[in-house]
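Mind having a look at this structure? Questions to follow.
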């Protein structure tokens, strides 16, 4: 049992030490640490990558079509080779990182928000509304996502934002169910009953008491889903229902390059590696998060001298 | 010195978790003889279960590490035995039963299977084992053993499950039975039955029993010898009577001092105060439904059946009942969490079951609650300051926001905590401290009545005593009244002016605490009081005769 | 190859596991062949034979009255032995004698008349009717058992070409429903099969012509070009159709053929595109040779008009647009000076998965236009959405845009192309030019030399005076052919693949 | 059980109806099949004729009403592409997908249970780490990429497997491999974590205290309890197989529901889309019933609850 361990510590210092704790816990799990570092790197590339590239890396150059990798003749930008329009693959990967992260990130975020919202209602209100919401989730779950992709593609247009919509919509039930299950458990906890006995409003109960306690599980799920969504996006690209040029994602690059696997493997190999590494990192980080957020497992990562 | 049946000497165990070392027990020694019961008495975190786990080979290594010591059984140090030999001893010569009967029995196998398995694991032929299992179920006092053989753990009550676990444990007629808090989760009357059963079995086959418990009453009921543990060390051991009657170690003294039910009844004089809370004919029926479509079956569960009670200013009303007695339903009805089927709740003569939300909220402010489990009743994601000030956030006219920090500090001091604690989170506190935070929150709205729903039941005795003291202090300072709900008789005996006893949703007995305890009218009350361990009864009567 | 060596160990393990796997799918010594195509061949009814279904059924199962010569594009006798124009709107056709359907029915004028009527049966979704005879109603009249008259409302000089699409099925064929097992006079029959089974053609005895070498042909659907290529390479298939350029790397097995498709970008005559200088500049800005060599290869022909040289009306004197970015800039500057808005973003409507490297070509052209200061934005669309923009009636207001198009004229005559695209009433026309309308109208009813000359003139006039499009290429397809076959694709490969032309080495 | 079955059926029927309504109307938002089935150059008159022939010119609600009436006679309409009954198409394709999913699930589960259990025995140990990493890596590669690389390596370079198609058991190796990798990774993680929980559960401790052999403790007591969450997740994974099946079937030329669905979607073959969605949904319904039954067999608390 943790007794009052650091008496007399100020607010700011407490916050600082919490950050330090998190870092230390991350450091203790080397896999998670490397994953987090890699994800940060990818995010950095996504934000700043395109601007540090030399001019012309993204313009096509038909003479350098399918230039092989590890050939420094054309400069370091072509270290990973060139694509079928002679554009540097490295540069394309950097631009692709931006779209990929943006799409996967916003799809996860939107699904998380919508799923959580309805999950909260379904779990908290229960009853008929809860049943209806669950029923709807079932319908969404069994609605073929490819058909949905096509509908969106047709009715709207193949913009990045609409691909996000497709990916988000089909993943909403996952969050909805998880959130509902969490709420059903949390709302029976005594502190919620205590708040109710105090006369707390529904909004207060839901947003101050239930939601914050359901969030850790949802965040872990979201991290896992990030990897899954990235892969779904590439599947959509494969079927021609995903992002369309001039936008580019890693999934689209893998898909476009697949025809060259026998002749210019690097076209789909590097983006494939990028997807896999990012997905693995997200998964490892999610595992770490799960450990950190589980009081029964957390000790594995906690720092010396605390018990 | 003759050889003991089981002897632990100089045992030290520590646990490693990344970079952290916890000394669970340090140089613990004790011995157990045939036909004898040794109680290991200690509060949570004292390490009282660790030596038993070491005997059974249940300490996972790593993260555990046995630093030193020997465990002599049958002339051998069993710590040195290979796994196969240990498995040979476990269940056959030394058996063990656990506290949480629901978790400790495998939910996916029938009880018959699990009892049988204890025998087949030690070479008894299957058919024979099954036959004997039925006999065992009968022997531990469960009716229709043949039919129940094929039932699953969840189909039994808590007491029955403990009997099943005992049946599995004694299947091979072990020399030693280790019982780890076997009755802590059970009602008093059920506890009495289990303890009686253990004694009967001991008398029949002369096994030695190691009883691990936090409950002095239980220890005194069954044990011949006692070892008192604190912070991983045995601080005192010896004959049970001598230790309990003349404790030598300060820790033992403090512990015994804290045990409730030893102080005599409150000299009540406060009944003259205004009538605050009045409950008239309160009932709550649930329709029994089945299936997804919630079709009513026509049957009703009477969770609360025509309950009436009253509470005056400055008074403590104890409500005693076992699980299923309806006391939780009563609390929920008083807090407005459920809607009663019939009856009235009046606060200072005003009905509390009105439709008018605003009026209701104002009324409700006067009644606050402290729950049983302080860990569960505080939102782990809120700081103490936010927890305590939440009532003001909800009832926004009570206190202007600017005054919140000051008032939080005041309240923390009142409940015996430091104002510095406001910025911290619940998990940084011990159980007793958390309950103080919960009390501070209850006080925030300056209520007239506080409902203590098993508020001290989950705490160790010493902490329990501190919290009761705090409640008493606050009552004095603020003229509070308490509705004190408990399954634990001694606490009520110490603290309540009047007591009512509930059974199956009904009030079966009510009156002055002393009258209820001394001259119970209803057979249920009599049974309840008779089920208390004899130590308590003995103590109570002794004190009474002193007066 | 880096991947290859990396996975060597994995492969070695698998080699151990699959010791004698080869026997399981090694090629038989018989004359059964397997054809891998990217099509489902959903509905192989003979009245769909002008679509890709023709690859299976046309001439193999159901034969047409005439057969186009793959080199000259001239109609030659098949089920019809001779034909002549007997009136301005009537053709008299003499049918081959002694031919029977594979179900035993006799081939005669009745069967021909019934086939024609069946094609026009409104209860059937016949693609031939929609594609070729939507505005041309054929009325058969039986003269005797082997002579039939076919008349039209307007003079129809192209009747012998149309006759190559008139595939004749057995009179036993249900009149009101489509069949998945057509019966014709061809050398092959289609056995009944389940909805998920591949189509198989089996050679039958007693064919009126020469007995073909192929005894059985199985058509497998494989969507990935790489897979089709691999199947032929490892011997699982004998012919892989529609092999992508990047997979066509083995000159011993991969054969290019002009697939009769011609690609272009069409201008909507709105906004900046209403100005001919802009349209011209956009043509001048494209380096077609670079595009061809970079993305496609030298087999692709730079197109000057929408159909192949073998089509009646092709104008051999027209020259491709030169690559002259300076001139393009000059023209744009002039337009800009006259107040034409050449600086705002203009969408290029492309179609997703249209033709191999299509999207790369669009991206490359956008880069070229960027170089002369134009701001074109790629906007890919799904087929149905794209179709809405392509066909009249157009939604109003029609925006300024470029539309990616591909057109196949494998009939032999220019009319299929010219009227549709360049006449003011054409379903896919963006403009109306009285002189061009006049030329096309005159050509439509003319015949012989005059017809050819009029179309040539119309083409030249359109390309120089109107500039309705950015012409791209006459497209190439590759087909991968197993070395055990003696076979070379011909110009008609796009719509039919006669098994009788396949031999064995 | 009978009562439970009735209620489940009723609930699922409601969901199914909702699904059908949604699919019916949303699919029709994606354009007229006349545009897609007829050649690009087809005149408008022919297109109109086509629409009229198939009733697409009528108000949506009329079309829906007709669909419902036909549905009560188990008539799911005809494929626009070849005029065959839509249901025939789906039923012909269904066994392939079922078999594909079955093998993929069987292999996933077997590998996941073995690997996950061993990994759980020493959490954080070498085997655990390696197994986690491999299962994660496998599950993090786009499956179409695996499929094409698989063909390249095993069918073209080493020629130990056929490239595509059905027939011999060897034909199933690559498609099943493509399908099983992702569920296998997920299931391994689930088995691992629920085994860790089961191995430290009180009942495991009790069993050890009773002298039950270690092997029986692991496989008799822990694994059986650990299977409960695994069954649930495996059910979800099996239900999600259809998405992976689309890829595998398209690439390997398997005549299954996945490919049928994507084809019908591309061609707006509404009747087939609807039939495929409905049959898949019904299959998933039976799958869920099966999962519930397995759950009830494994966990007596559910049986009596």
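Lettered A, B, C and D in written order, each chain numbered from 1.
One rule holds in what follows: a residue touches a chain if its C-beta (ideal position, glycine included) is under 8 Å from a C-beta of that chain, and two chains touch if they have at least 3 such contacts.
The model shown is predicted, which means the values in this text are computed figures rather than measured ones.
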| item | value |
| --- | --- |
| Between the pairs C-D and B-D, the one where more C-beta pairs touch | C-D |
| From chain C, the most remote chain by mean C-alpha position | B |
| Distance between the centres, which are taken as Cα means, of chain C and chain B, whole angstrom | 85 |
| Chain C and chain D: spacing of chain centres that average the CA atoms, whole Å | 38 |
| Averaged-CA centre spacing for the pair chain D and chain B, given as whole angstrom | 49 |
| Whole-Å separation of chain centres (CA-atom averages), chain A against chain C | 45 |
| Chain C: positions in contact with at least two other chains | 3, 224, 226, 384-385 |
| Per-residue overlap in chain B, given as positions that touch at least 2 other chains | none |
| Multi-chain contact sites of chain A, meaning residues that touch two or more partners | 150, 154, 258, 261-262, 300 |
| Those chain pairs that satisfy the touch definition | A-B, A-C, A-D, B-D, C-D |
| Contact footprint of chain C on chain D as seen in their complex | 30-32, 35-47, 49-50, 53, 79-84, 88-89, 92-93, 96, 148-149, 151-165, 167-168, 170, 250-253, 255, 263, 266, 268 |
| Of chain B, residues touching chain A in the complex | 17-20, 22, 44-45, 335-337, 360-361, 364-365, 368-369, 371-373, 376-382, 390-391, 393-395, 418, 420-421, 423-424, 427-431, 433, 438, 441, 445 |
| Interfacial residue positions of chain C with respect to chain A in the complex | 1-3, 224-226, 244, 246-247, 249, 290-291, 293-295, 352-353, 356-357, 359-360, 362-364, 366-367, 377-382, 384-385 |
| List of chain D residues in touch with chain A within their complex | 11, 14-15, 18-19, 22-23, 26-27, 29-31, 124, 129, 132-133, 136-137, 139-145, 148-149, 152, 156, 182, 189, 239, 242-243, 246-247, 250, 261-262, 265-266, 273, 277, 280-281, 284 |
| Touching residues (chain side chain A, partner chain B) in the complex | 1-5, 7-8, 10-11, 14, 28, 189-191, 193-201, 204, 208-209, 212-213, 299-307 |
